[in-house]
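Reading through the structure tokens given below for one structure.
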Amino acid sequence: MQASGAPIVELAAVSKRYRGADDPRPALDDVDLTIHRGEIFGVIGESGAGKSTLLQVLSGLVVPDAGRVTVAGRDVGALGRRGLRELRRDIGVVFQGIHLLSSRTVRDNVRLALQLSPRSERPSRAAQAPAVDEMLEFVGLGHRGGHYPAQLSGGERQRVGLARALVARPALLLCDEPTSSLDTTTTADVLRVLARARDELGSTVIVITHDLDVVKALCDRAALLERGAVRELFTVARSDYRSMPSYREQVRRELM
Amino acid sequence: MQASGAPIVELAAVSKRYRGADDPRPALDDVDLTIHRGEIFGVIGESGAGKSTLLQVLSGLVVPDAGRVTVAGRDVGALGRRGLRELRRDIGVVFQGIHLLSSRTVRDNVRLALQLSPRSERPSRAAQAPAVDEMLEFVGLGHRGGHYPAQLSGGERQRVGLARALVARPALLLCDEPTSSLDTTTTADVLRVLARARDELGSTVIVITHDLDVVKALCDRAALLERGAVRELFTVARSDYRSMPSYREQVRRELM
Amino acid sequence: GCGAQQADAPGASDGAAAEPTTIQVAAVTSPMTDVVEAAGEAIGDGFEIELVEVSDYVTANTLLNDGEIDANFSQHVPYMEGFNAANDGTLTGVQPVYNFVIAFYSKTLDDIADLPTGGTVAIPDDASNTGRALKLLASEGVIELDPAVDPYEATVDDIASNPKELEFLQIPISSLNTAYEEADLVFQWPSHISALGLNPEDDGLITELDDTFALHVVVREEDADSEATAALIEAFTSDEVREVIESNETIEVAF
Amino acid sequence: MEWITELLAQHGDAMLEALAETGYMLVVSLLAAVLVGLPLGMTVFLTARGGLAEHRPVWSVANMYINIVRSFPFLLLVVFLIPFTRAVMGTSFGTQAATLPLCFVAVAIYARLVEQILREIPPGISLVARTMGATVPQAVLRVLLPEARSGLVYALTSASISLLSYSTVLGVVGGGGIGDFAMRYGYQEYNDALMYITIAVIVVCVLALQGIGHRISVRLDRR
Amino acid sequence: MEWITELLAQHGDAMLEALAETGYMLVVSLLAAVLVGLPLGMTVFLTARGGLAEHRPVWSVANMYINIVRSFPFLLLVVFLIPFTRAVMGTSFGTQAATLPLCFVAVAIYARLVEQILREIPPGISLVARTMGATVPQAVLRVLLPEARSGLVYALTSASISLLSYSTVLGVVGGGGIGDFAMRYGYQEYNDALMYITIAVIVVCVLALQGIGHRISVRLDRR
């Protein structure tokens, strides 16, 4: 499905070179890109191509050297501290490094996102617990809610990060390698959640991934970054995440 | 190629249940497994299946509740502090969480492994720098040697962790999701390094991965873990990592 | 105190050498230090005085008793005796040098009889000055002390009768001037109270001059008759020292 | 061991009173540390360059307060504050009044420790607060404080031990307390046995304090 | 402002000398902090439960030393140590001798700070040392110290400021120094102007110290 909505993300001639790096290559090099409301957009590219930088520019965490970044109609570079804060409350982010709070249980890590969501959209205290539990079930961690992050496996942590980003049902979802440590069964579960966020809530989703199966299963369009520049823009003939094989099925097919 | 050497890793009836977890399921459940010298062995399984636990048991980081773990002829459970240290010096580990030293440059992070390797096998100071640089070239980070970890992308960090584990050319290499954040080009580069470690140095390699392509390209055998138990043991009809398509090639083929 | 083993006195008493013999004399604060310095200028050939400034009276005695220094000039004899008794000390006062009038002062009162019931009285927090202050109050009938106790060693616990229900605030000598601003009655030395422009003759509500409390040159007993001690005594009774004492309104010559 | 019971019969009450005075000074100054020092330390952390609420002027003032108070040798601070103490408390002497300078130091010491601990939180944690659009109070209450709590408790133990040591010199303004007790009755009046017993009491109290702090801190650490 | 020049003409030399004495005491005691306190703090960290070199008896002794020295009222510690100081230094008074008790405290203070900082290193870092089979010295020298260096420098600044404050009390044994100078000439002899000037000098020195420590520490932080 090609996106039909108005633009929600626009980058115009955005460039970024990290200071202090003895490497002269830019992390972003004159990037022009428009992403539409309701779209699921993939960002692919080799390691170090600038994918994470692109995402950080969108939420104002990295300030580009040149160019203009517009998100939901707001010029990110022109936002003050307060404006940035409001923008960020509308955006869910899944970090590549995950960064769970070690002092909170899994359940409380996820609830944090609800507690910080804009007051107008914040569910009542009573409604938070079921929302959190539902999201944990979704990522297959219903039985781990009371654990602390240090007690989780790598993939479990990644799924907590996902649940945290999703639970507040943000209008724009930025995911940096959300399934990198997940097997296909769990990946399919995650993709299902992302697709539902778009279909049922109208969220726009931007997914960084190196896994082309994910792009094929989920995305409407995708951009290939190379050395900070958009090398190619694809419209994906989307296959259906529902048809992704279960891990056991896949193992049987491929290894037996 | 089926492994032919003597056993280097043997697990007999190994079980582990984490204390403090309110979940009654064991992380390892009566595991019997033998891995032979010179083998490349894959460990696969869904998230939370017990893969990382298995690896940690091998280097004595997690003490099993029951069963016997033998590595390189040594009973891991019976080793004292000193014996464990010596064992660990023969083992290279790539962590799922990576854990680079933030105060050291990329180059010095990798050199650390040389500095800690057993004195008898430690290259001279003069020989260390070229060995490190060679390994960084290998993982495609020749130009990043002087950077600090905080200045790297996710995949770059993962590759530094790999270089660190490989540079001392250990007899046994334990890799926990070494390519989870890498595109296929870089993955193929990494697999090439692992295969060379086995072919040229006779290292035994145990790889945890959720990526079946990696298993097919690299491993001689693989174990499928499910809820802590070995569900299935495969002998892999190995395809050749050299035939893994480059990322751009793969993108062209799958998305265009 | 602390355990006192006898250490070698650094060549104090054998005055035969060609090099002048250094006599180390501890003192705590001005005007004691000024007197020691004046004595240093006056001392005879073959000796010189080195001033050791310490900020604690006990330490001044400990150092002397342990043989680390040769003399001190920081106390009166009752204080010294207290030290000797408690520490098996062998100190002896060999020469009184100056004396001074201690007094109670008040910012608000002109007569000790006006002392209000429940008033605050600031007195020193060290043993010998506490006794001295209480003894002075008792001698004026403000309080009564337990007759079984040596008045020089009395503490606030030995007050037998306190008809005005006075509250006693015990603080270091150096803080008593500050208390002058707040308390109804304050004990103080003349050398300190002068900083507030006061003196015992004009401003003291009750005063005491007791030769028992003259400040002494103190040495170890075994050195009492040494040549160095003789030289010290001569120096501390010299015209230079007399001049320093006389130029200071708060103290008077005691030799 | 009879001399001990004898000694305690004679001085036990005074010692208990001194302990109570120290307890009072510690409790009040630790309260100040938590109520004022903790927010102050957070402020320095948050308003520093690159902080969540970067703000040079505020940072300068807060940081300067901490530095100046900490740089005063405590004895001099007590003396320096006498006029202020008198203005605020009506008197500059006695246990209550002596607690005021102790509070100033408590605030400064703990604020610096808090800042130091917050600086050790992995930067990714601040990042989480930032990307979630947390307001500064939210970041503090929901993210930073919980993450740092184990260290904060340990630092409070540390601070209280420093304060106990500082309180010893409050005899200057008649503050009393167990340290001053050891000085006056033990040292100045040559009652060595009493001095050692008092010191032993102090050491035991500190060990207990440290033990409790350590235990709570370990329990709060979930990493 | 003429009175200032006059005051300085009169007391300037004595003040400089006092500063030099303080400088001496600080340099020597900081040296002790680094040479002894740092290893001691590492020892407590390493030998604690779950540490890289868990060892209850060693931990108890080291931890106890730190707690006891820190909890001793400093003045009493100085006095308590007089016989020891005399045995070691030949004399127990004067600047050099006074530095010995200061060193004891310096070691204890810095050791505790070091331990606190090491506890904040992410556990994954110790894990790296462990899986690489590092010996304890290797883990310390190659992994833990470099990772903690920024915090360690900052803590050293912190410690030196505390020590400056402690050094004020060393007048008891004729230690001299700028703090004692301020007390002696300023407070006890009621020369307020001199006291305030001296305090200002101290504060400026400390601010400089703190500034330098902060700068180095930030530069060393690569996270």
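Should a chain be cited, it is by its letter among A, B, C, D and E, assigned in written order, with residues numbered from 1 in that chain.
Basically, a residue touches a chain if its C-beta (ideal position, glycine included) is under 8 Å from a C-beta of that chain, and two chains touch if they have at least 3 such contacts.
Labels paired with UniProt names: A, B = ABC transporter; D, E = ABC transmembrane type-1 domain-containing protein.
Treat the numbers as computed from the prediction; the structure is a model and nothing was measured.
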| item | value |
| --- | --- |
| Chain at maximum distance from chain E, centres defined as averaged CA atoms | A |
| Distance between chain centroids, defined by C-alpha means - chain D, chain E (Å) | 18 |
| Rounded Å distance, chain B centre to chain C centre (Cα mean) | 79 |
| Chain centre separation in whole Å, for chain E relative to chain A (CA means) | 49 |
| Chain B-chain E separation of Cα centroids, rounded to whole Å | 45 |
| Chain D residues counted as touching two or more neighbouring chains | 122-123, 187, 223 |
| Residues within chain A bordering two or more other chains | 97, 150 |
| Chain C, residues touching no fewer than two other chains | 1-2, 58, 174 |
| Touch relationships between chains, expressed as pairs | A-B, A-D, B-E, C-D, C-E, D-E |
| Of all residues in chain C, those that touch chain D in their complex | 1-2, 57-58, 82-83, 86-87, 122, 125-127, 169-172, 174-175, 178-179, 181-183 |
| Of all residues in chain B, those that touch chain A in their complex | 18, 20-23, 44-48, 51-53, 96-97, 140, 143-144, 146-147, 151, 153-156, 158-159, 176-177, 180-186, 210, 212, 215-216, 222, 224, 232, 234, 236, 247, 250-251, 254-256 |
| Complex contacts: residues of chain D adjacent to chain E | 64, 67-68, 70-76, 79-80, 112, 116-117, 119-120, 122-123, 151, 154-155, 158, 161-162, 164-165, 168-169, 179, 182-183, 186-187, 195, 199, 202-203, 205-207, 210, 223 |
| Chain A to chain D touching residues, read off their complex | 59, 61, 81, 84-91, 93, 95, 97, 99, 101-104, 112-113, 115-116, 148-150 |
| Interface residues, chain D side, partner chain A - complex | 53, 122, 124-125, 127-128, 130-135, 138, 142-143, 146-147, 149-150, 220, 222-223 |
